[in-house]
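Heads up, there are several structures right after this.
Shared between the two complexes below is subunit A, which has subunit B as its partner in the first and subunit C in the second.
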Partner chain A sequence: MSLATTPAQPALNAAAQRRTRRPRRPRRGGPLRPTPVIITFVLVPLLVESVSVFWPAIQGFYISLTNWNGVNAPTFAGLGNYRRMVSDPVFHKALTNTALWLVLFGGISAAGGLGCAMFLQRERRGIAIYRAALFLPVVFSLTATALMWQTLYQPNGMINSMLSTVGLGGWQHAWLANPHTALYAQIVPALWREIGYVMVLYLAGLKGIDPALYEAAKVDGASPWQQFRNVTLPQLRSVNAVVLSVIVIDSLRSFDVVWALTQGGPYNSSQLLSTYMYQTAFVNTDFGYGCALAVAIFVLAFGVIVGYLVRAFKESD
Partner chain B sequence: MALTAAPAAGARRHGHRPLGSRLRTFGFHAGASALSLLWFAPIALILVISLRSTDDVLGHGLNSVPHSFAPGNFASAWNDGGLKQALINSAIVSIPAVALTLLLASMAAFALARYQVPLRRTLLLVMLGGNLLPPQILLVPVAKLTELFGLHDSLAALIAVEIGFGLGFYVFVLQGFMRTIPAEIQQAALLDGAGPFTIYWRIILPLTRPALAALGALSFTWVFNDLLWPITVLVSETKMPVTPALLGLQGQFVSYWNVIAAGSVIAAIPTVAVFLRFQRHFIGGLNLGGVK
Partner chain C sequence: MSSYSLSRRNLLQGVGAVGAAAALGGCATATKSSAGTQTGGAVTLQSDLSSPLAEKAMQALVAAYGKQSKHSLMLNTIAATTYQPLLPTYLTSANPPDIYTWYAGNDADHYSKRGLLLDVSSVWNTMGNYPPAFKALSTDASGKQIFVPTSYYWWGVFYRKSKFAEWGLSEPKTWSDFLTLCQTIKSKGVTPIGLGAGTGNAWVASAWFDYLNIRINGAQYHQALLQGQHAFTDPQVGKVFDTWKQALPYFDPNGTAVTWQAASNQLIQGQTGMLLTGAFFADAAPKGSLDDLDFFKFPVIDASVPDAEEAPTDGLFASAKTGNSAAVLDFMTWMAKPDAQNMWTQTSSGTVIPANPQAATPTSPLAKKGQTMLAGASALTQFFNRDSSDALQNTANTALTNFLQNPGKLSSILSTWQTQAEQVWKTA
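So, the complex of A and B:
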């Protein structure tokens, strides 16, 4: 098609002519040479992002090397803040909790989301309602979600009364006030919101699998588990990458739930790196150490996100 | 399982369903209904509590059947809890932030998708990478930067931050979408003497509408639901959007679970409305970044 139109108009521009000379590479995107307008189109958004993201990010790394209370000028401290981290028990607690959150929240929402997607996969009567029910919490803010669950978690709230109804009265807790349960109690609302999201991602992925693959597997006598293991999972590989990155980003965003419910308490028992960072920087105005904690979060997220980037780019081209 | 499934499928094709198949269908609906109810139960309970009077909640407990009907809780949250002002603030922030992000991102995406911009891939990667940074690393510097620009504690600063922090992802998604638009359309316009701006505004942008709608609906909920940036950039209670205002409400109405519930419902209504209105786009949008 493109080859049919370009020779008709020889005086288009250099790029189009180059294309007529190299007919073996009919690119989908227009291989047009950028004009000044086009350069501006790229530069303006890039400038906006530079001012609001890239420059602050560089500053953030620098501030982590200083002691700064926001009032006096920052003083250079080298790696002092990082040394302090090594011997800070609250940091250790926050790091453990963040890792725990990542594993529990990530693992359960990935498995639960995939399970729900497979359960609600087939188009049949009423399926839209079931899917909508699971998806609805996704549009709530984490803060509103947290407040809803705060009511459920009250000592006389629904969770405890349900437990006593089914004869598990001994399991009742003051869920959010008990240092042993506070962290886990806060993962649940986050999961309640995340599973529907992951389910939608997996539903699209499952839809994209060629049914002929299952037919072939059945002909070969594959059990349902073998079909899942050898057809479904490998075919979902690209969705898995997306789910993984969504989960990592969202578990770092879990700040909202914890900040709304316990602010990391009681006694730092539910402290996450994100809440500890915010508390250090904006409640205790210890900006240097706060930024060092932010760098720790960055390092934690970095590996997974770089993996995602590499993958996303392989797919985009 | 495979063996039992095969005859069932065959029977369905012949029009009459054996008992086993009907039982399985029943089992599916029973399971799916139970799951849906479990998921919906917290919402239902909150809706009920939001309509009960304080005396009722204190006297009969949180889980009792309602003995009262008190829509006044919504008025308390709306007026005394400051959610009215907060919703106005949220609208002032979310709508321009989403519109400007889409505009800026579509410009960059157009240039990167349809022209041979030098370092195209690197630019995309860098912009997306900026978006995937954990926001924590930016909090302190951005708070200081808004002071530097004289935007301390202003909604304009919040809008700017939300735009900058969303941009990279939008550019990435939109350029992926724009690359699928056939080159012939653009070339036809070029032959008619259209400049790049006309091509962008009159041809590519209208064709990108599904992606723009999906991203718009999604990003509205993201900006609207955000907590971290508002509490970092803003100080004054009167300027807070809905999400931090909910935390204010929580502090103001301690143990008034009915008012807190009403506040949560109010805060959820706009995003639920957007979701219901743009449902198809919304679900599509979640998959835009992922499944090509």
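So, the complex of A and C:
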């Protein structure tokens, strides 16, 4: 306040303050002008991001408000496509399946990945072979993977013949053609690929835990379960956030397996939001409704991840 | 927190990828009205014939054309699965490729209605020797020609001659003969009818729907139904399925589970007796088994309905916005001639028939038989998706697979089909 009393003093004072504050200037900002280099570093990625990400996303949202078949000029439809979603039984099926997929695929790959990482974390002779074997499915081309699983699942394929060999002939199914098994039969190859990936993320997380914590826990007489519950899990919190994001994103875009194996069939019983969106937009060339489905997928993914992060931040506070 | 930015970025990239495709389309609509201004220069031939054999054959054709013409032509081959969804984008862009490989019939007409296709009537002036059925197929609603057919193939009920001889059977002419024949094959412990509509091949089941509908209600009704002028809940359509039900006990119970490739192997290995399929089946058959394969015309159900046959026709159309229509028309005229079509059919295994009647007749006995069958047909249809759209094909896949697995739920299946089809007709 006193600075404002006389007009001459403030300048002097401010100059003095500036001098004393110089070491901390980058943090406080104040009169510092960003240099052209900094502006370039901010603007160029922003521009690239705008052209390649934000603008198309906005376009996609706009198209979701139109009826457009790719040939005629789009006509504005307001929220018509979203209203259509509400009464579309295939959308409901796809939504339920995506939720099921998220829970089963997400849950099992997180648990399985963590389990494998715990099991394979200790350095032993030949352990790398096991790790590599589990990670290998991630590397395979998906088309090849799908062909392989398609062959396994054929009515006279390996899975059915193995079942009859062990006397479980009654369990045989036309796995991919039966509407009751098709979805679950496709979660298996997706898991087969995802577990190895999640395992690698958790292995890195486990490596980062200070061994002293375990020693301290042992000294306190903690059982292996207590060590896992009270040392390992809390220490993996930051990895969990990454794993969750990866799993949510991967399950919402789990398109390739289903498209390659059943294309959402038989009669839409294994339709996911992603396959339904692709079919609507790129096979049926109903771009308006396809984009509306894409927006729904975006909202879902965003909702799940933001919800988790808000909770995670609250906990860490 | 690093994990936050990581997830956000991944997420936005995912959304961006979806949006990017949409934006490409968006640009296309935005620039729709501006016509291409370039004249002369190389003409682009956009081709979806991406199998190695077919691509090589196309390259040979383009090279042969280049040798005898003053115009230059550039071949651009695109994977068939990418080509189909992008075709509207190509055609509506400001500077579209000039010539396209595609199907005759409703699909071409669909683009022509929007003024996207080049009038090729002048090419047709040189094609006087083509049968009128081809001209009708290449003519759009306004009466001008927009398509040049190059080749076609046929569908039939394929079987193994040696097996039929072993079982003492001959080709059935009528539906009741056919059912008796199925009964005989079944009594020999063999599945009479293979299907192969599993894992992504659901569309093959619509061959049965097409043929039953053509034989019971006629080709005209069939095509009108696919255009939305009748309903799938009509009693006529109900009759198609009631007839189908008579044959259902003879179908492979795993017909909706095995792939089309597996179903063709089953026929070749004698595990099934018959397979209703297109001539491309012979392309896939091992060389040694080809001599034992034969086919018969889909049996007559109602003698008062004139026989129509499925004859999917491939050929070329061109963009209305081409900057060098002289070169485009020159190439299409050349492709309509016997020499070019001979070159093309020689490279396939002899199961496609050249569209020009003056081109060399296919040498294989199968193709000869197919050609004779089609020549005697009162009308030609294209196939479910070609006579309607890929969107309607999807609704058929859903309905027919459901019917094959749950024939008892027919009425609810048909009303769902009608609801989904109405949505498709509304969007188109």
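Definition applied: the second predicted complex is superposed on the first by the 254 of 317 C-alpha atoms of A that agree within 3 Å, B and C clash if a C-alpha of one lies under 4 Å from a C-alpha of the other, contacts with A are read in each partner's own complex, and residues count from 1 in each chain.
Everything that follows uses one rule, which is that contacts are C-beta pairs under 8 Å (C-beta built on N, C-alpha and C of every residue); 3 or more make two chains touch, one makes a residue touch a chain.
These numbers come from a predicted model, not from an experiment.
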Subunit B versus subunit C as contact partner of A:52, first or second or both or neither: both
Subunit B versus subunit C as contact partner of A:60, first or second or both or neither: both
Partner chain(s) touched by A:34 [first = subunit B, second = subunit C, both, neither]: first
Which superposed partner A:291 touches (first subunit B, second subunit C, both, neither): both
Partner chain in contact with A:154 - subunit B first, subunit C second, else both or neither: both
Chain touching more of subunit A, residue-wise (subunit B, subunit C): B
Touched partner set for A:184, first subunit B, second subunit C, both or neither: neither
Which of subunit B and subunit C A:72 touches, first, second, both or neither: second
Contacts of A:283 with subunit B and subunit C, given as first, second, both or neither: second
Contacts of A:242 with subunit B and subunit C, given as first, second, both or neither: both
Residues of subunit A that lie at the interface with subunit B and also at the interface with subunit C: 49, 52-57, 59-60, 63, 70, 150, 154, 238, 241-242, 245, 249, 252-253, 260, 277, 281-282, 287, 291, 294, 298, 301, 305, 309, 313
Complex contact set, residues of subunit A against subunit C: 49, 52-60, 62-63, 67-74, 150, 154-155, 174-179, 238, 241-242, 245-246, 249, 252-253, 260-263, 265-268, 277, 279, 281-287, 289, 291, 294, 298, 301-302, 305, 309, 313
Complex interface listing, subunit B residues touching subunit A: 1-2, 6, 25, 28-29, 31-33, 35-37, 39-43, 45-46, 49, 61-63, 104-105, 107-108, 110-118, 121, 123-134, 136-145, 160-161, 163-165, 167-168, 171-172, 176, 178-180, 182-184, 186-188, 190-191, 195-197, 200, 221, 224-228, 231-232, 242-244, 246-247, 250, 257, 260-261, 263-264, 267-268, 271-272, 274-275, 282-283, 286-287, 289-292
Partner subunit A, residues of subunit C touching it in the complex: 1, 3-4, 6-7, 10-16, 18-23, 25-26, 28-29, 32, 84-85, 88-89, 91-92, 110-111, 114, 116, 198-200, 202, 254, 256-259, 262, 389-391, 394, 397-399, 401-402, 405, 424, 427-428
Contact set on subunit A toward subunit B in their complex: 1-2, 5-6, 9, 12, 15-16, 27-35, 37-39, 41-42, 44-46, 48-49, 51-57, 59-61, 63, 70, 116, 119-120, 124, 126-127, 129-130, 133-137, 139-144, 147-152, 154, 156-158, 161, 192, 196-197, 200-201, 204-205, 208, 218, 221-224, 238-239, 241-243, 245, 249, 252-253, 255-256, 259-260, 273-274, 277-278, 281-282, 287, 290-291, 293-295, 297-298, 301, 305, 308-309, 312-313, 315-317
